[in-house]
Structure formats: C-alpha cells, structure tokens
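Two complexes come next, and they have one chain in common, chain A, joined by chain B in the first and chain C in the second.
Coming up: the complex of A and B.
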C-alpha cells in the first residue's frame, strides 16, 4: 500500500520538525553535564555528572521523594475511588448520569485558584496541611475527569461477557476483577498516568499546602531555587530539571502501548 | 433501573452503592467548595488584613468592577488571542497535520516524531518555562543560531515579543495531545472507506477533507472543547515565563486572577473573576457540545 507510506518530501518536513521540536533541550543538556556551567549556550570544556550528584543529595533528594509520594498516592487513590464508582455508573441506568458527569467536568474547569481558598481553610482546620492533604485535594480535583474517562472505558466492555460469567457462577467481585478490569486495562493505565503526571507537575497547591521546606515537592523546590536572586546555579538547576522531568517521561514510555489504545476512548462521545 | 435484568448487579445493589460512596463524598466536597467560591464573589474578603476577618457582603460590586475598572476586559482580549493562536490554530491544526501525515506508517519516523512531540507535553510546566526562557534569551539558541549569523543584533524575544513567545511555547508544549487524539481518531476510520474514495478518484486532499474529516467530526469537537478550556485557564507556563508582563502584555485571565487574588489579596474580586471565567467556559462548552451532537 504505497499511499500509506509518507513521501520523501513529507519525511524531510517531518524530520525537520522533530529537530526543531527537540532543539530547546540542547541548552538544558549542555548545562546539566557541564560542571562549570554559566547558563550560556556553549559546548562544555569539561563533561561531568557533578551537577546530578548535587541534584539528588540533601534537600533535592528529599523533594524527589515528596513528589513521588504525592504523585503515586494521588494517581492510585484517584483510580481506586474512580473505579469503584465508575463501574456502577456505567452499568446502572441512573437517570441523568451523563449530564451530571459532564456538568462536573465543566465545573472542574473553574480555575483551580477559585477553590484554592476553601481548600486551604478546610485543610488548615482539619490538620491536613501536609502530603496527605495534597493527595486528597488533588484527588478531589481529579475525580470528575477520572469518573468520566473510566465510565467511558467500562461502557466499551460488552455486557454479554459478564452475563456469561454470571451464568457460570461468578460473583460480582470475580466479574469485576477477572473480566471488567483486565478488559479496560488500557483505559485504567491512561487514567493512572494522567493523574500521576498531573500531580507530579502540580505547583500551586503544594506551594500553598507545604509549610516547611522538608515538605516541598520538586515543582516548588525548583521555583524556590529560581527565586534565590543573585548567583543562580544553572548547572544544579538544569540537572534538577532533568531529574524532575524524568519520571513522567519514564512512566509514559512504560505505558506507551496502553496509552495509544487508551486514547481512542477519550475521543468517544461521553 | 427498570429495563435492567442483570442479576449480578441487581442482587448486589448495596455493594455497588457502597463502592460509589467515597466518590460521592469527594464530589460533595468539590461542590461545596465551589459554592463557597461563588459566595466569596459577593464579598470583599481579603487574603490578609482587617478584611480577612471582618468581611462583608457587597452585592454585585465585584462584578461591576470587572467592566468598569481596567484589567478584566484587556485580559480577556489577551486570553482570546492566546487561546485562538496557540490552541485552535497551533495545537489542533498542527496536531491534525502530523496525525494525517504519519497515519498508517509504522516506520521509525513515526516513533521518532511521536517521541519528540511527547517530550514537550510530558515536561513539567515549570521546566518548560525555564527552557523557553533560556531558548529565547539574548544569548539563547534562537539568537545564536539564527539572528546573530544573519548579522543582526541579538533580540530579547521575551521582552519584545512576549505574547508570541508564550504562544509558541504553548504550541510546543500542547500539540502532543491533539496529535494523539487525532491519531486515534484517524485509526478508527475504516480503511475500506478511504480506499473506496481513492478508487472513485478522490485526490489525497479530497480524501482528507471530504471523507476523513466528516467522519472524525465528533473527535474534532471533543478536542476543541478540551484544549480551548485548558488553554483558557492555563496558568503555570505563562506565569513562570513572564508573570504577565512586560506591562500586562501576557496577562491572561488566569494570571490576572492569580495576581488579584494572591498578589494583591483581593479574594472577593478574584472569586468574581473566576465566576466570570466559568461563565465564559460554560458558554464555549455548550457551543462545542452542540457541534458534537448535531449530525451533519
């Protein structure tokens, strides 16, 4: 099928675009591997990993752990809460459920700063101005999307399979864990991934919730390091940025095959 | 629940209900907080000082200020330009072209291009802002590679062309989403239909314009809905790159909202801005949902 192969001209254009797309990374990489970095775009005279050593030790290492806790915690909690509600939502014909879910998603479009103030006051009163508080708050903010996407994925699992399993004597728990969940694995992976990267990147909420430096995640840490006026340590910042960017990129490549199938479900009319 | 005879569901209703409980609780909290934010918009609540404790109801005063004071309308216009060029024109057209060009090819090229675009999307907002500030700086990549070799003096892009720079940075960051969605959508168009059009003598352009585009129309509308709303309320990239400046050139509504609520501490006025944003977003969504529902 010759028509599905891109022509040579298209291939050149695409390659050119790919090069442009990654070119901004040159500065980041050149500085990160240059122990004598000055923040200029230049070929380093010495190449070394000193910056990375600095970026994983002490405070910076602690911030990595904090970010990981927040992101993995939020993603897992969102998926667990989401699944246990999305399956009934998908199977029971509750009137107005679609309109309700869409309304929630739209509501969630309210700029996060709007709900930030009530969130802060409540967390303060319940003593949740910590990692756990950030995880719960982010889960609340994620939930409308999580529910809508998971419900869409469960909708695509044919109910006949569940009927057959019931006839064979399977319990509800078995039906869900042996049929529904495996069949919507791709969708669950997508939702988990979205929640993970969302929480990993989140900046505003931890900035307000994290009271002490020990509790800073990497986003706040990077921002704070920027703010230190005067001698900006570009070598450290670029290495820190690369480490900060790595897990989201890594998780994506781990889930890549699932992602591409899972995306088909996002476009399906909700 | 009437036309349903699925015994494994109906005999376990209480289990299913129990499963929904945590989600219902959390959604309840979200609704409660949103109602709270609405209520704030009718007060003169402040972040610090006397009015953070002794606030009072001021009726529609905050909403009047949106239109009578400078700031809101200018920000709205900046936001419209930003959304139109970075999301609707940039991300979605570029994403579609890429998806169409790479469709069906299982080559190395597809993987390479996909990975390159995804890198932008996966990068945390703050890192992306850091990267683009450096790239467009006076000693940055664009100046060193293009402007200086041409014999021109270096340009301080982030100062002189702030809005175009953040627009391009956002296209760079966000195109992957549109690409992935359109890619999945085009894969769902059956090969037979396209082949049939080809047999009937349709040119490649006609095959895209007259066959594939109408079929993936719901996907286009969904994509538009998501990216318009996201870009409309997008905050970290612009804030970390320019803080809304120079002057107010890049002060989109999200940045305006932050500056008013947290930099100046006018929580009441800030809430009014977010309510206005919600109204605009809701209006846009209804428009897109209509587009989505109406079959041609």
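Coming up: the complex of A and C.
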C-alpha cells in the first residue's frame, strides 16, 4: 500500500490549508447568522437574520444605497465616456494614438493617493465634494484602463461590417449602436463590471470627498462601524461585511457567463 | 437606366498614385469583370464606385448622374464583400432586412422582399439561423441576398468566391451567372481568378498597375490580346512566350529552326506567343522546336507537358487524352503559323 502514503500526506496538508483558509470565513458566517454574537468562533445556539436586518436598515441601508449609486454611476459613466473616446481611437488614424494610450496607462499606474490633493482642490473649486464628484473622479481614474480595453474590443470588429452597413444606408450613430456595440457586448460588460467593483471597493476618495455621514458608502461605513457603539457589535459587523462582499461575488458569476457567450465573432471560412 | 461611366479616374494615397486615369463605359445590364494581379487597383476602383473610397480625380456617373460627391447609400448600389461581412449578432433574416429597416420600409414590404430574395437563392430554410451556424457557401448566398433585397441598380462584387473551396466556387459561379440573367441588373465583379472572369463576364477589364490593359469580351481577349500581359493573364494555361529574332522571310526560333512567315511588321517581332492548346506534337523532321520532357501532368481528359528547350526556355503543351510520353524523352513540337501571336520589343501585339 505504498501508493496511499503520499496521498494521505497530501490529504493532511490540504486539510490543514483548508482549515486555515476556511476558518475566517466560517467565523464570519457563524457570527453573521447568530443574533447573540460575541465575536467568538462558536456554533450559534440561535440562528436568525436579525444582524442582516440591522445591516440593511437605517444608516447601514443608506450606505448600501450610496455604494450602489457610486459603483453603478461610475461604471455607467466609464462605459459611456470610454465608448465615445475608444471608438474614434480605434477607427481613426490619429498620429501618436498608441503613445497617447500608453501615456494614459502610465498615469494610471501612479497611486491614486498621489493625485489626491489636486483632485480634492479641483472638486472643491467646482463644488463637487459629493457623490457626483466621487463618480467623476473615479471615472477619470478608470478611463485609461477602460479606453485601452474598449479600443482593443472595437479593433476586433471587422471594418468591412461597418462598410457594409454604411453602403446599406446606416449613419455613423446607427453603425456604432447597431453593429459595433452589440458585437462588443463582452468588452462593454467587462469594463462595466470591473469599474463597478473598483468603485464599490473604493475607500479613500469617498472618505475624503463625502464628508457627511449620509453620503458615506459601505466601505467607509465599515471602517466607521468599529467602535461606534462603544463596544463592537460583531453580529452587525459580520453581516455588514457579507453584504459588502456580495456584489463582487455576483459580478464574478455575471462576468463569467458574459465572457462565455459574449464573443459573437464569426470566421470567414465555412 | 443604370450605366456606369468612369472618366479619367485617379486615386492617390499621398504622393503615391495607384490608379492612373481609368476610362470605362459599362452599359446597363452588363456583367463586367475587373481582373488583374493583386495590387493592380481593381478593388480600389470598385470601392471608388461603391463610394467607400474618395476619388482623387476624374468623374464617376451611375445612371447618368455624377456621383463623385453622392454618399454611398444614395448611389443605388449594393456590394458583396469578400468576407461576406454578415452581421454576426443578427439572424439571416435580420441581416437581409437591415438595410430596408434603416430606410424605414414598411414591415410587410420588408418581409415580402426578404422572402422573395431567400426564395431566389434557396435560403428560405436558414432565415432564422445565425451566420455562424452557416457554411461558407450559405453565408455567401446570404451576402448576395442582402444585396438583392435592396433592389440596387448596380451590384458590386469584391472577390466574392475567393473564400470558397474549388467545387463550391464552380457551383456558385454558375449561380451568379443565372442570377445575372434573372435580375438583369448591371454587375461589376472583381476577381484575380481569370477562370471566373472568362466564365462570368460579358466584358472583361484587365487591369495592371492601376491602368486598363484591355477591355473586351472573353473571346476577344483570348483571341486578340493587345499585349503580352493580357496574353499571359487570360486563359487557364498561360501562353508560351518564345524569344525570336526576325529575318527576311520568317522568325528564327531557339534551336536554329526557321518559322517561315510573312507579316507587314515582321522586322519588329521580338516575342512569339502561342497557347499550350495550339501546339502540336511532330516528328524530328517537321518539328519547329525540340526539347526534353521535364514534367507531365495527366488530367485524364487532357495532359500538360512541360518541355525544356536546349536554350533553357520552358514550353507548355496541352495534349488531348492521356498521351503516352516518358519523362526526359525528347519531344518534337510543331508551331502552327495560323494561331501564333506576335509581340514587339515593348510587348505590344503586332497584327
């Protein structure tokens, strides 16, 4: 029975790894569903959704809505601005367009905190120290990535399809909305979901821009929840964390489905 | 009326001129094929007629109206692209109805015209399929169907068969010929394949380096090519060209044989052209040319024999049936005087 030796060792090692990985999550889930949570890793005596109720009502609910607004707003604005800029970049022979795109990417590599001060003063002067300001600032920071990705997707739409549509009488707007965009669905979905999660996870900008409690998104709310009630309410905190993490999981599955069905390219050969 | 007239058409990309003044009259209902090697400007010319490329100089008119500044959709043309350019996210029906819907055609009429085109092309069964679920030949039909539903005055085909395999190409060729007969529309067809040109065209336009070399019916081009380029390009087996020198009463062939001949411009002849199918086998005493058989290709109904002359020139002969010839044997060839073509130093035909 020599052959079982390594697999038993592997099994033990894997179990060990699994325990290490799983225990924080099980702590999170056990506490979230335990209305009498104490912050210990224990099997709850009562199971209930009270913590979740607390985490979506009042201030916390307000923060969920704020997060959704910021994330969906940023994602949508990124896609709209990205499409309008990436299409000409893909189709027109603009001198130095690649240098321009890569310069944008270089700018994106710089840490966001590095441009925080000028961003803040710009927002202050233009009266945008609010959620709209957060959306605009995040869109601007997203744009290099958005542009590059969408341009690459538009590049894969054969120019002959646009020519065919043009000969058939389509205006530029009709060509873009009825040929190019439907064929770039996957790319647009990727950009939207990535921008959405990026904005959802964003902490620094909302913290600095939205300085009133009512405007805080969940990321800031989570930070503020520590020590707010004197003692830490672990049940509330864990339920809040789960709700905060849920969109990322959802986006993952949506994205996967979209990536599988989105590429509608059709080859020339039969 | 859907004549197409080209007057002094030029096209430049920056300082590089690729089409150098093309004049051409295409009559209503005519099937004209532009043929030439890659880079000869045939596709560019077609795209200028389609309105997809701006014209650098000259004048294009369709149906008597100058269309230089008329946008493509208003020119009354429909184009079939080499890659078919079907919209992959739309069904066959939607692909065919796209142009009509853009033109705000009533729904009932769209439906009637799409179904009529589908019937002509026998693609009624695929109307609900997506393009990626079709074979190459079916996609080709949909692309043609998309052109038919718009009922254009002029059909433009840009190498529509080059992505099909050989048997399907022959089949589709016949269908396009039938379609032209049914629709009675003007058709302009671009190809680099001289077989398509010969079989489909009412008239062939042979292009080379942005210039028209010759315009004529397939048989005119076959029988009376104006220069060595056209002579070498048209017909399935390339014409043989043999360097000759003129003497007082004939032509000096390689191998020191004389070809007795009288011609008013005999002294200018530099090249003798003769098609492989016009050469005949002979015996050593009557032969005009002799050489070693380098390769023989047997097709059953005919054979192509490639003969190397001692001077190094290679001659192709097309022989009926399946001749019993051995490789490296000496082959004796007779050049019948009645079917030869004579060219001067610049490659122009002498008549």
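We take it that the second predicted complex is superposed on the first by the 229 of 270 C-alpha atoms of A that agree within 3 Å, B and C clash if a C-alpha of one lies under 4 Å from a C-alpha of the other, contacts with A are read in each partner's own complex, and residues count from 1 in each chain.
To be clear about the criterion, a residue touches a chain if its C-beta (ideal position, glycine included) is under 8 Å from a C-beta of that chain, and two chains touch if they have at least 3 such contacts.
Please read these numbers as outputs of a predicted model, since none were measured by experiment.
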Broader residue contact with chain A after superposition on the shared chain, chain B or chain C = B
With the two complexes superposed on chain A, say which partner A:179 touches: chain B (first), chain C (second), both, or neither.
-> second
Looking at the overlay, does A:166 come into contact with chain B only (first), chain C only (second), both, or neither?
-> both
Name the contact category of A:158: first (chain B only), second (chain C only), both, or neither.
-> second
Considering only the touch criterion stated at the top, classify A:214 as touching first (chain B), second (chain C), both, or neither.
-> neither
Classify the contacts of A:94 with the two partner chains as first (chain B alone), second (chain C alone), both, or neither.
-> first
Using the superposition on chain A described above, determine whether A:223 touches chain B (first), chain C (second), both, or neither.
-> first
In the superposed arrangement, what residues of chain A touch both chain B and chain C?
-> 163, 166, 170, 264, 266-269
Which bits of chain A are touching chain B when the two form their complex?
-> 1, 3-6, 10-11, 13-15, 17-18, 21-28, 39-41, 81-82, 84-85, 87-89, 91-94, 102, 104, 106-115, 117-119, 122, 136, 139-141, 143-144, 147, 159, 162-163, 166, 170-172, 175, 197, 200-201, 203-204, 218-219, 222-223, 226, 237, 241, 244-245, 248-249, 252, 259-260, 263-264, 266-269
So, in the complex, the side of chain C touching chain A is made of residues 50-52, 72-73, 77-79, 81-89, 98-99, 102-103, 131-132, 134-139, 146, 150, 163-164
So in the complex, which bits of chain A are touching chain C?
-> 158, 160-161, 163-170, 174, 178-179, 182-183, 185, 264-270
Taking the complex as given, what residues does chain B use to touch chain A?
-> 1-4, 6-9, 12, 15-17, 19-20, 22-24, 26-27, 29-34, 36-37, 40, 98, 101-105, 107, 109, 112-113, 116-120, 122-127, 130-132, 134-135, 139-141, 144, 172, 180-181, 183-185, 187-188, 198, 204, 216, 218-219, 222-223, 229, 232-233, 235-236, 240, 253-254, 257-258, 261-262, 267, 270-271, 274-275, 277-278, 281-282, 285, 289, 292
